[in-house]
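Shared between the two complexes below is chain A, which pairs with chain B and chain C, respectively.
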Partner chain A sequence: MTLALLLIAFLLLGAAVAAMLSRNLIHSALLLVGAWAGIAAFYLWAGAEFVAFAQVLVYVGAVSMVVLFAVLLTRQGATAAPVEFDSVKRMIGGLITAGGVAGVLLGAILGTPMDVTAAPPPAAISVRQLGAQLMGPHAAALLIVGVILTVALLGAIVIAAVDKPEDPAP
Partner chain B sequence: MSLLQLCLVLSSLLFCVGLAGALSRSNTILVLLGIELMLNAANLNFIAFWRYGPHPAAGTGVIFVLFAIAVAAAEAAVGLALVIAVHRHRKSVRLQDANTLKG
Partner chain C sequence: MSIMPPEPSPGLDLETAPLLVRDWIVHRFPDALQWFVHHLLSITVILTVFGLFFAFTTIAERKLLARLQNRLGPNRSGLPWFRSLKLWGLTQPFADAIKAITKEDVVPAAADKVLHFLAPVVIVAFSLLGFAVLPFGRHLIPVELDAAILYFFAAGTATELAIFMAGWGSRNKYSLLSAMRALAQLISYELPLILSVVPVILVTGTLSTRDIALAQGGWTWGVLPHWHVFTPWGFAGFLIFLVAALAESNRSPFDLPEAESELIAGHLTEYSGFKYALFFMAEYFGLTALSGLGVTLFLGGWQAPFAILEIIPSYLWFMGKLAGMIVFFIWIRGTLLRLRIDQLTRLSWKFLVPLALLNLGNAAFWALTPGWTGPLALARWAVSAAIVIVPFVLLGRRLTAGYAPRTYRYAA
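Entry: the complex of A and B
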């Protein structure tokens, strides 16, 4: 159990760090797909199968395609130009900030006595229960999410669409 | 160290990797991907607390993560559309080049 979690964590963090350090945008997009798949593996490990499959469908399937489209559409020149770390000051600032946040978070987590029993009961929530909850108490939120997705995707199309040049006068 | 703490450590490390990427890279797409990583780290926390919390049968954490994934997908679509729009006007995806609100 713990060994599986450590393995997932190692692969996940390795893929994420490599993606953030990579100088090739396509490599980092593909490494991030690996990191998202690792997150899906974590959900499977934790017993949330439906969320794991949602993660695979949404991130590994859809968001990764959108990211790759964006990378290819915004590529300058014929080859995949390497992406430089062009500001050393910015990089050092980012690393110091992230390290500080990591220190604070890890200190807080490791210093807090977590009140959990050693072996929690197997918490399997079936898809039927999940669906009943989504359509019952959370039906309003489900509808709002549908509206948000529709509006956001229409807005994305409008933002990214090419402005049509005016027709020349006949 | 309990398993819950291990999960929390994993998610905070993932959050910090995303934060470092979002703050230190200057490519807009990579910044957006760093933000996505941070969002995913938050989802890991929900699942961990659902699994090891006092009421795992309620399923609240799972439902919250489902909604968070839906909103994150919308956010990624709009963000990448903005990247493409900025690239069309500026011919660049560096954040430092998109420093004015005038088109």
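Entry: the complex of A and C
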């Protein structure tokens, strides 16, 4: 089991590092998709089937398309990112952001109690139980998420739509 | 992990025969290897059965299309050393396979070599994953998952990535344009496809394909099977599923990504030889897996239509229904004309998605009223049918207003 976890972690981190180092934006995006798939594999390893499949469906299937379309539509064919040194101001900004993110992550990792071996392994939760939880105690959260997504979708349509008459009837 | 223990039965039982053979083979191996051999056997059987199914689907498609177009179709290929044996051209797919393997593999000089190579591999690998959760028979299901339907759709998402990789990696403007078109189509039709499946999950209350197939057992008055297609919401859902499945597998009349008169061969333009064959294979595997899902969800899975016909093993019923679906898809291909891209997306977003959403409400009504028996059962049917038919007619009229009836200016 630990070997599988190490393998998943290695592939996941490898894909993430390669995505960061690659100078080809499309390759970066596809490697990022690989990293997301690795996260799904980790969920599977942890026994969370439903979350793993949802991760693949949402990230590998949908978010990846958004990323790829965004790259293609904004870069106009030039898919190589600049590598030259830009300015000192930019470097400092980058370092501060990276340091902040690293600090938050480290704090979260160090603040988590790591004595998981002491706890008994939780029983596998079936999809039915998960659904009952989502639709019962957490129904309000689910509804709010649904409303937010619907509003976002409608907003995107309103922004993107051009009022042009449809092709006239022959 | 996979299968219910077969009930002991006297004599030769065709229903559990495949399991007995599998167990016999598995027990030849040491204990530590048994789980591995078990799964390897499942994978081998799926690859063999559906590889052959694919081969004979191609020849059936060519023959049927030929007959629909008043031609003979391929009828020449026989066996290499028995020239007099013609076999109605049934060995054609094997000749095609040898041809595809021996053809030169051309990779464009400007292509992104890695992505160009990876695309066909990814698409075939992922199109095969869906077969793992289909219940092929009463006791035959390769992997039994609690969230099988979710797994099926998650496995299918990688197709979009592969098509993008193929279109972008080829460095050909037609490839890229048609890959974008294919993605627009796949994303548009994913919504009605999944929405047409949700009513079944709502009514049966499970995501497991085995339980959905089991829920469709039994007969009303001993004649009408409890298949979902024989309920108003199930019928509407099945029709939406059929249209969306056609579009998801790029079949005619939705074969726009490959519209040869506009885009050469779409994202397949720069592929030749075996890589092209892999794409071709993936398309058929995807179609077969989707048909299998449709059979499981709406056509009763492996259930026999009449109680007396249950002497025929359940897996034969499943494969028969699957073959029926495939033939139906071939028939559609020989009948309908290709859509335009704007008609395609309009059909999905303005027609199928609203109808699928209404059908979801319809299924909720059906799930809330199982107690309506006697004369109330008629009311239940009438209300449910009205929820399907009235919006269909109204929406259809509104969308075709001004387009129909068509007037012919030059033809009499």
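The rule we apply is simple: the second predicted complex is superposed on the first by the 113 of 170 C-alpha atoms of A that agree within 3 Å, B and C clash if a C-alpha of one lies under 4 Å from a C-alpha of the other, contacts with A are read in each partner's own complex, and residues count from 1 in each chain.
Quick note on the criterion: a contact is a pair of C-beta atoms (placed from the backbone, for glycine too) under 8 Å apart; a residue touches a chain by one contact, two chains touch by 3 or more.
Note that the structure is predicted; figures quoted are calculated from it, not measured.
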First, second, both or neither for A:Leu7, with chain B first and chain C second: neither
First, second, both or neither for A:Leu30, with chain B first and chain C second: second
Touching partner for A:Met20 - first (chain B), second (chain C), both, neither: first
First (chain B), second (chain C), both or neither touched by A:Ala139: neither
A:Gly94 touches, of chain B and chain C: first, second, both or neither? first
Which of chain B and chain C A:Val60 touches, first, second, both or neither: second
First, second, both or neither for A:Phe50, with chain B first and chain C second: both
Partner touching more residues of chain A, whether chain B or chain C: B
Which superposed partner A:Val127 touches (first chain B, second chain C, both, neither): second
Shared contact residues on chain A - chain B and chain C: 50, 54, 62, 69
Residue ranges of chain B in contact with chain A within the complex: 1-10, 12-27, 29-30, 33-34, 36-37, 40, 43-44, 47-48, 50-52, 56-57, 59, 61-63, 65-67, 69-78, 80-85, 87-88, 91-94, 96
Touching residues (chain side chain C, partner chain A) in the complex: 112, 115, 145-147, 150-151, 153-155, 157-158, 160-161, 164-165, 168, 180, 183, 187, 190, 205-207, 402-403, 407
Chain A to chain B touching residues, read off their complex: 1-2, 5-6, 9, 12-13, 16-17, 19-20, 25, 28-29, 32, 35-36, 39, 42-43, 46-48, 50-51, 54-55, 58-59, 62-63, 66-67, 69-71, 73-74, 76, 83, 85-87, 90-95, 97-99, 101-102, 105-106, 109-110, 114, 116, 118, 120-121, 123, 125, 129-130, 133-134, 138, 141, 145, 148-149, 152-153, 155-157, 159-160, 162
Parts of chain A lying in touch with chain C, wherever the complex brings them together: 26-27, 30, 33, 49-50, 53-54, 56-57, 60-62, 64-65, 68-69, 72, 126-128, 169-170
